[in-house]
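As written, the chain order gives the labels A, B, C and D, with residue 1 at the start of each chain.
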């Protein structure tokens, strides 16, 4: 089967399962066409004439979905519910078949209503025969509890490999409970309804052939997925010649192989390691100067600043990188906020760079997974040398709670796997 | 009296501290001698204080008039199968004198063996060992020498079979009593909890139901166990001396039993 | 852990004494708190061995279980503990005030509430477990207990649950309360030893902090503050005393166990009251009273629930209960963090260090600046603040200020140590700002993106309407005989 | 390499590693001192005692008694309690009740008897026992054989072996102390690995040993046992990693001075004659990586803490503080940077700026 056929077969199976089950779960690795599935399923349900509600987690995700849905189904009426203080972006306002309002009655009676989970929690007194919950693995189960009585049956779509939801308070007292409120919506759903069908999208359309196997093995060891394109289907061309600096060589390595590890000398540093921050910023600026052009199955285009993202683990690192002179249009953000996003090239400040000891936060596999799987063409990782030694010295004394399923992949193993791959694309700073 | 109560208390506190320090530093001989001092001081304190208040009457149960081996024999007769000291004590506690203690049973088997060796078959019965399929004495089990050999040997299923049998015997004995003690009821409940269908989770056990459930499971194992025991018993009678038949043979090689 | 605290720890080591990390006290301290120091039998989850309890430093009450494996003796202990604790708790239910609630029925709130102090978090766990093991007991049936036992169990459960609530002071631990106000020259792990922690904070005459802390690690000199006892003590002293009781359960044998436990509890008793003195000497933070008001409200509601004969707390939270509790805890956590920073410049300094707050002097003000035209014309005073702090706030960010309640502003521009702000809230409804609501040039101000401005979370379904995704409606919780008869051996 | 390790230990037998010690290898793998002492089989407890820094570990007789009583209860009457639990947990059929006490052979034969019994169980599924009580396994640790005694091995119909771990800490309303469960899981993982190794040696599929171990604990506040399956795959991965590391100990040996030894030079009665001072100096030749966590896991902790104090190391305050100080390892150095009395060395400018700001803020607020 071609990747297209394989993916289409899964989508057909999902749609066929929908009317037969109260819930259907679809696991989607990075860039596997989750939004496409949501839009497709929405159209499919709308055709039956029955109303549909769609739940996403952030306003950006809602707007993205509104835009795609309204564009791909121009005959469909779409209502966007919003909270007070939300400013409707121009791209949504420009869509003729979309209405925006703070209250349900003010929307008219659209075929599809979309809002964030937080907004949906305030809506009562009505039940929808159908719902689609997007980014369901990033949704905390207590949010699902607040909205689950709004729908009769639902499609849950999300990426199990990304960051788990979290709480600012200790959730230990609920450990092992099937309805643990700090667990993800999907894990709680499946623990209570173990017979629901779970499908898996098998092909990543985003990740290039150079990245899919690496990400698949490190973060989806038991399920796996493949790239939708072959080596050679995509390439990144730096149209301006370099000057053999280590920055240029790192960019060239990334352009040629899809990965580069820009390695600074080993040193323990503060979190906002100025040298590393500087390197990230210079790489970004230099990348633009090299006038990159991306060639892919979709044709060729110039990689502009808005197609580049910089990712880091902490907010202060993001602020420092921003302050180091990165062009305004380049996205700079934490892993949490980069979830669900896609770029041509990403530059990543490795979460363990400069650390002497790794904490659970740094080792969380979802964090690295998000950072290493946002790109269509290439990913440049900036790190200080010494991470293998740090991993090697990492004490393993994680507490174990009874009745809590062990989560894979293990952060340590995932980090090790990614690092092993990156070491083949190492460019030392000098 | 040489020291006042206060002075004794101070001395005791001081000695305790020294003992603990010595134990921590693993200075064992010093700790031993300090402990001796401590015991003497505590005794002196006890004596000093009892001079001030009358000794209250003891509430210990009446010691039984039967010797220990008789009591054990009585409990084993009730159970009808080889049993661990713990169970023997529990049965004694539930139905008889309530004066047996676990530690009193530790050297029993050795004493009996010594007696048998010096003057074989002089006693009407001996408290002997149960034999494993390697013909060695099973750890911690007591048996009655008057039982037929098949009852005194063990196959892999025997621990379970004997447990089920003893539960039935305890239950049967309970039904014969007009006014069973709470300890007896508790013993049956505890045993019955581990037999499927023998008891509601926290309700006290009903002897009739317990017997029925134990018998049902026994049916499952009985034939195989009887066969295995007969085989071991046959080996025992052909290979062992008289004393070994009662008290077990020393283990020789690992393979004989395994094959 | 921040660089500020790390620095305070380094100084503690150099100066040989703990260093303050706050300028005010952030917990409520009752005029007459009850100190409770429980000891647990080693190897058991919640078998009480003994306890020292009371509200008068000069008159501790010593409770002893001479043979902790004996369930009757354990329940006798619990009943005796109830005799001390329940009157203390119930005493606060006698005087109440009426609170008018905006858009709601007025309600009653106790004028004051009980406060229990224990040495450390392990003691809180023990309080919770003791509550768990007693609250389902029955006063009739096969293993009857005194009616005060299940009642005490419910209260202990309440206090243990409440202690997880950020900012609550109903049940405090000495190590955490002290550790929140002082940094020592040892690690957090070592700070968990109350004697060592106090050694750093308040070394005895003629000793240094590290010296006192090192001495405090010797269980012979300073017995552990419980609930775990020193193994050496167990083996050498307590073991023989308990065995002596088993052999002859006389008054003297009980006295011997009591004497042994007294030696372990008395030093901690003194440390607990010393902790109270040290904390009391700190000035109270401005918002501590607000949080205590919340505590009083919570206490009153639980007291009503108990009085009305409500059932004991379930073993574990149901789906809806768990989500509701989580929302409450998260709200309290966020609120507590903000309030501490607003009450205390040294706590605020943590945020200044990370660029989430800044302090500086107002260099210019345009108090009558407006935005918009006609009817939508709004008063938006502008101020400019000069700061030395490294500001990491971006234009558009909403900020608040500890200097003025109800005051809010928006960052307009950050250039070279000059921050321009637009004030959006707290200057009154008139055409000109109400007096004092806009900082004047020369005034020292602090602004932070940390604001106590939370959206309340949406309603949860009724427990009996729990949706299918969360297991559907739970079976109604009825305390069963099984709960009551659960073995307790 | 083994010769050099023997030299380090001195002329005494290698200190055997029990499951707990093997599980503890993962506690601080970055510590070269500990890695070397473990690889050489040095008795750390004795060593620490001899240099005057005994570890503050002790066990109460109450806890020991409780543990023994509970284990006996679970195993009495042919593991009757355990049988009930496994019937509930694993769906063991009623007919499966066989019990073998490996200890019925003499101590010297236990290991080979265990092998024979396990081999037979793996070969024939008929008429084998469900419970193997008191088995004895072995595992190679850095060239030395360690003997391990799991509580019980259960063999289930369907051909899978399960390690049974009996612990006396309570499971209350379905939960137990996470640290204690983690300890039990690490220990059980050692047994799983040992049994898998044994099966592989006997030519059977090692995967027939389940990674789900059966943890048996008292339920709530009673003595009645309850069983829970604990998935130890992560602990197994960590264990394999640490055992593989121990074979790489040669890298550590490269750096140490010729002739270095931790020999206690015991006399005929086993009393050490080596001067404590000299031994301490020898220990200091191998760098430690002290962290406060060591205080609950390593016999050498008090010695290393004292050394860290002497060096004024920021390690004393914990890993987090050390990280917060951006790699500055000396306390005096960090303070000097904060107070401006010390010029930052190359690469320290940033942390110096941070500390300096922190210092100014503290002074401003405490004025």
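Definition applied: a contact is a pair of C-beta atoms (placed from the backbone, for glycine too) under 8 Å apart; a residue touches a chain by one contact, two chains touch by 3 or more.
Chain-to-protein mapping (UniProt): A = Helicase; D = Secreted protein.
Just so you know, these numbers come straight off a predicted model, no measurement behind them.
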Looking at every pair of chains, which has the largest contact count? C-D
Measure off the straight-line distance from the CA centroid of subunit A (Helicase) to the CA centroid of subunit B, and report it in whole Å. 64
Whole-Å gap between the CA centroids of subunit B and subunit C: 51
If you average the CA atoms of subunit A (Helicase) and of subunit D (Secreted protein), how many Å lie between those two points? 38
What positions in subunit C touch 2 or more of the other chains? 230, 232, 235, 316, 486
For subunit B, give me the residues that contact two or more of the other chains. 24
Mind pulling the subunit A (Helicase) residues that touch 2 or more other chains? none
Kindly provide every pair of chains that touch. A-C, A-D, B-C, B-D, C-D
Write out the stretch or stretches of subunit B touching subunit C in their complex. 9, 13, 16-17, 19-21, 23-24, 35, 42, 46, 49-50, 53, 55-56, 58-59, 201-202
Using the touch definition up top, name the residues of subunit D (Secreted protein) that touch subunit B in the complex. 49, 54, 58, 72, 76-81, 83-84, 87, 94-95, 97-101, 103-106, 109, 112-113, 116-117, 120, 127-129, 224
So, in the complex, the side of subunit C touching subunit A (Helicase) is made of residues 164, 166, 316-320, 322-323, 326-327, 329-330, 333-334, 354-355, 392, 457-461, 465-472
Subunit D (Secreted protein) - residues contacting subunit A (Helicase), complex: 26-30, 171, 174-176, 178-179, 181-182, 185, 215, 228, 230-231, 233-235, 237-238, 245, 289, 291, 293, 297, 319-320, 322-323, 326-327, 347, 349-351, 354
For the subunit A (Helicase) and subunit D (Secreted protein) complex, residues of the former touching the latter: 172, 175-176, 267-274, 354-357, 359, 392-403, 405-406, 408, 410, 412-413
